[in-house]
Structure formats: structure tokens, C-alpha cells
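First chain written, first letter: the chains are A, B, C and D, and each begins at residue 1.
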Amino acid sequence: MEITKEIALRYSDTDQMGVIYHANYVTFFEQGRTAYFKAIGIDYNSIEKEGIIFPVHDIHITYHNATRLDERIYVSTKIKQTNPVKIIFEHTIKNHQNEIKAKGKSVIVCVDKNTFKIQKIPNVLPHLIERMKKNGV
Amino acid sequence: MEITKEIALRYSDTDQMGVIYHANYVTFFEQGRTAYFKAIGIDYNSIEKEGIIFPVHDIHITYHNATRLDERIYVSTKIKQTNPVKIIFEHTIKNHQNEIKAKGKSVIVCVDKNTFKIQKIPNVLPHLIERMKKNGV
Amino acid sequence: MEITKEIALRYSDTDQMGVIYHANYVTFFEQGRTAYFKAIGIDYNSIEKEGIIFPVHDIHITYHNATRLDERIYVSTKIKQTNPVKIIFEHTIKNHQNEIKAKGKSVIVCVDKNTFKIQKIPNVLPHLIERMKKNGV
Amino acid sequence: MEITKEIALRYSDTDQMGVIYHANYVTFFEQGRTAYFKAIGIDYNSIEKEGIIFPVHDIHITYHNATRLDERIYVSTKIKQTNPVKIIFEHTIKNHQNEIKAKGKSVIVCVDKNTFKIQKIPNVLPHLIERMKKNGV
């Protein structure tokens, strides 16, 4: 399963090269993960309120083409792998003409909100992800 | 008393006009307030840990000249007025050649961290500020 | 005429108070202005390509209520006044339950892209704005 | 040769987890590269003015420990490899107690400012880097 979400670009995302500043793609990956969670029925904000947070453990981005503010871009996100404590996502960012802007992956790990110690992902999450996989990830 | 602090500009602060994006000046004011607090012996972070936060209630900025990334800029901050629940700061941002970049003010109010309800500023703060005033604000 | 646009909040917009960081409202005003221009048939990006830019000259924001990431918020923008070199906008930010989050205004001035010197707004803009006003601003 | 630079953390760098938002580390890497260039006598801003820009082609970050706003952190940067069109940097971010916060690398490529086409790095850069290497990278 792959979930595609349009990114609402902001003027503040640009830099003096005249393109979208590269660090912002990391937030586009984040928006992709949130959209993925939403698509499988999980409200990421609600999870945090229950004391479970998913900090990013690893980010890898390869930039293919610069993005201009007047382009419409989309992040497509799928899950490559999960285990009891982490989820590995793959992301592709393209524009409205299907030009690839960036590809990468992000790894999130489940930690306790107060101690930041790694803990098992609560039952509800892998359950839902498995269900989606059966429907044809 | 006026406290002056240099701002460490970042490439990400620029926008496609080739200058520092205007919203970032709001964070420069914030850095000015933190420097002011520090100068009077208050660690803003420690205050927050005790459940007291100072959200911004009002911001006013007039932009005089655009700032380029290769300029060195400084925010000068003083307190214009305080009352039992809020503090009004005045800020001026200049470059190394004394060119004025922006002027403005920010108003912060004391609220409870959990309820966001306005509460009296804890004793320690006006006390310190008064002491500084006596030393010649 | 008042143009209302939903803001796509990002996790990166939050701060350690657990709410949307106050400087980001300045970018929400910007998104409001862009939406306003678009509604009257002006693509702000195209204007910039012709060498005309509209830096912000003045920002005033009063914050009424903190915004949480799980809220849906909207910026409503109207033009309060124009003259040959500047446009004054009024903005209101509300959530989906009509709770006011912030009110303010922004003033943009027309400058030459290379010199940053103030110049008259090109004919096309006041023309369009006037046309909208006749339709009942 | 390894260049170490302190990062001036901002309140706006935090997120609602109460830590420095992960995408900001990408800007810390950028600050590390700029410090490195400066240490070998290159003003990155001046290069851009001559029509040469170095967009980021690849970023990889592994996050080891979350960073709180009241910590002092440092980015240490060295060059792992260069070729006629790109430079590969390695970065380590630590706090004042030598705790590792993140490790990673960034790859920048030399492109023409207007076309964004890859071009050879101008003579001056590899020359300087080579000189530093001889002095004991």
C-alpha cells in the first residue's frame, strides 16, 4: 500500500537559491508518515496523548531535482519493514508532472514519552499495519 | 538597561527574495528576550520546568531594511513596562554598520503550563527586574 | 471581500509548550495574502518573476488562544487599505469551532527586486483589487 | 582536519515532544559545512555571488539521543571524500558532556546557479581542501 499526499508549500520553505530548502523535505517525509497513519485509521496526535511517541531514528534523502515554489509536489509513502520497536518507511517526492524530486527513507522508533526509552509498539499499531498488508501492501 | 545579542543567522533563514525571511525576526525577538532574562540572572528554561510559561501575547514589527545572509546582525532588547501578569519588551535589530533592520515590541504574559490561564508572574521575576531598573534601566 | 484558507499545520510548527510556535502565525498571514491574490486572479509567483516583489513592511499580531496541532485552523484575509505603493491586509485566524486564535494586520510594499527600492505597484494589481472592491469588499 | 562549531539553539527549534525537532539537525549539518569552509578560508556566501552554488545531493542522519533546549551542542565536520563535482562531509553532533546526539553525512554537488546543471568545482576549492589535507586531515 502506498499513500500519496500533496504538500502545501510555503514561501518560508524557499531559500536564497530560489528553491525549496533541502531540510524541509524531512518535514515532507513527516507529513507523509502522518498521512499514512491516518489512511490506516491512526491519529498520530492521539497516540502521543497516551504517552507514546515515535521519534525519528534515521533519515536518508537523495535529492534528484530542485523544487520551485510554484510547483505542486506530492509525497508517496509506504512501509518497507516493521518490527516490535520500529517502522521503516520509504518515501518518494514527485511534482505534478511526475518528475522525481527526492527519494528516501525514515525510521521511527517507539519510545516512552517521559524517559525516551525504547519500548514495544503498542498492540494497536502492528495490528492495523498487518491488516493493511493483507489488503495488499 | 538594554541587552544586545548577536543573532547566528542560518542559511535556512533566507527566502527566494535573497534576504532573511521576515517571520524569522520574530524568533530574533525571542532570542533577545532570552538574552535579557539571562542578563538579569534568569534561565528561561528553568522557569518552564517549574510549570510557568510566558507565551507571546502581542508582536509588532516594522521592517526598515532587508538583511542579507552575509551581514552580522544584533538584537537590542529592553523592558518598556511590566505589570503583575505581563512584560512589554522593545527590540531593535541592527547590523554591524549600525543600519536599522527592524524595530518592534513583544508582549509576553504569564500563564499556567497546563491550563494556559493567565496567572501572576512569580515573585522572583519582577523582583529581579525591579532590581535591574534601580541600577538604571 | 474576505478570503478564507485552511492552514496545513505541520508537526514542525509545534514548540515545547505543546502548541503552534507563535512566529509561524506570520507565515499563516503570508498564506492568507497569497490566497487572497489567487482569489482575485493574481499568481504571486508570476509577479516575482517579472522583477516585482512585495516584502512585508509591518506586522502586528495579537494572540488570543494557543493552537494545538490537532486543531483545524483557517486564516481569513481582507484588504483594509491600498495606496500606490502599499497594501494593508487584515487577518483573523480561527479554528473549526470558530474560536479566535489570533488577529492582526500585515503591510506589504512594492519594491524593485534588485534594488529593494520602493516603486509604484504595477497597474494590474490596483486595477484588480478595485474591481473586487466594486463587487463588494 | 575536523572543525567543531557550537550551534545556537532557538526556542523555535523545539517541538511538542519537548526536544529539538529532528529536521533541524539538517540545518546544523549545514552550519557545520559553512564553518568548515570558513576554516579553510572560503566564504560560502561569496562563492554563491559568483554564480556557483552547492545544493545538497544526499543527507543521512542517525539520531542517537534527543536534545533538550538547555543543552549546549556542537557539530564536528570533516571531509570524507571529494571529486571534481562533489564533496562528501561527515558530521557528528555532541553535547557539552560529550554525549553523541547524531551522526551522519552530507553530500554537496557543484551546480550552475541558473541552470542547476552539475559543473566542476571551481579550481580554488579543491586546491584549498587539498592544502588542508596535506596539513593533516
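Convention: a residue touches a chain if its C-beta (ideal position, glycine included) is under 8 Å from a C-beta of that chain, and two chains touch if they have at least 3 such contacts.
Computed from a prediction, not measured in an experiment: that's the story for all the values here.
Peer 1: From chain A, what is the lowest number of touch steps before chain C is reached?
Peer 2: When the steps are counted carefully, the minimum from chain A to chain C is 1.
Peer 1: Among the chains, which one keeps its Cα centre farthest from the Cα centre of chain A?
Peer 2: Checked the centroid distances; the maximum from chain A is B.
Peer 1: From the mean C-alpha coordinate of chain B to that of chain C, what's the distance rounded to whole Å?
Peer 2: 24
Peer 1: In whole angstrom, how far does the Cα centroid of chain B sit from the Cα centroid of chain D?
Peer 2: 29
Peer 1: Hey, how far is the Cα centre of chain C from the one of chain D, in Å?
Peer 2: One centre to the other, that is 34 Å.
Peer 1: Spell out, as numbers or ranges, the residues of chain D touching 2 or more other chains.
Peer 2: Residues 11-12, 16, 19, 23, 27, 30, 69.
Peer 1: Please name which positions on chain C make contact with chain B in the complex.
Peer 2: 16-17, 19, 22-24, 26-27, 30, 48, 53, 55-63, 65-66, 113, 116
Peer 1: Which stretch or stretches of chain D touch chain C in the complex?
Peer 2: Contact set of chain D toward chain C: 11-12, 14-16, 18-19, 21, 23, 69.
Peer 1: Quick one: which bits of chain A touch chain C in the complex? Just the residue numbers, please.
Peer 2: Counting only chain A, the residues touching chain C are 8, 10-12, 27, 30-31, 34, 43, 45-46, 69-70.
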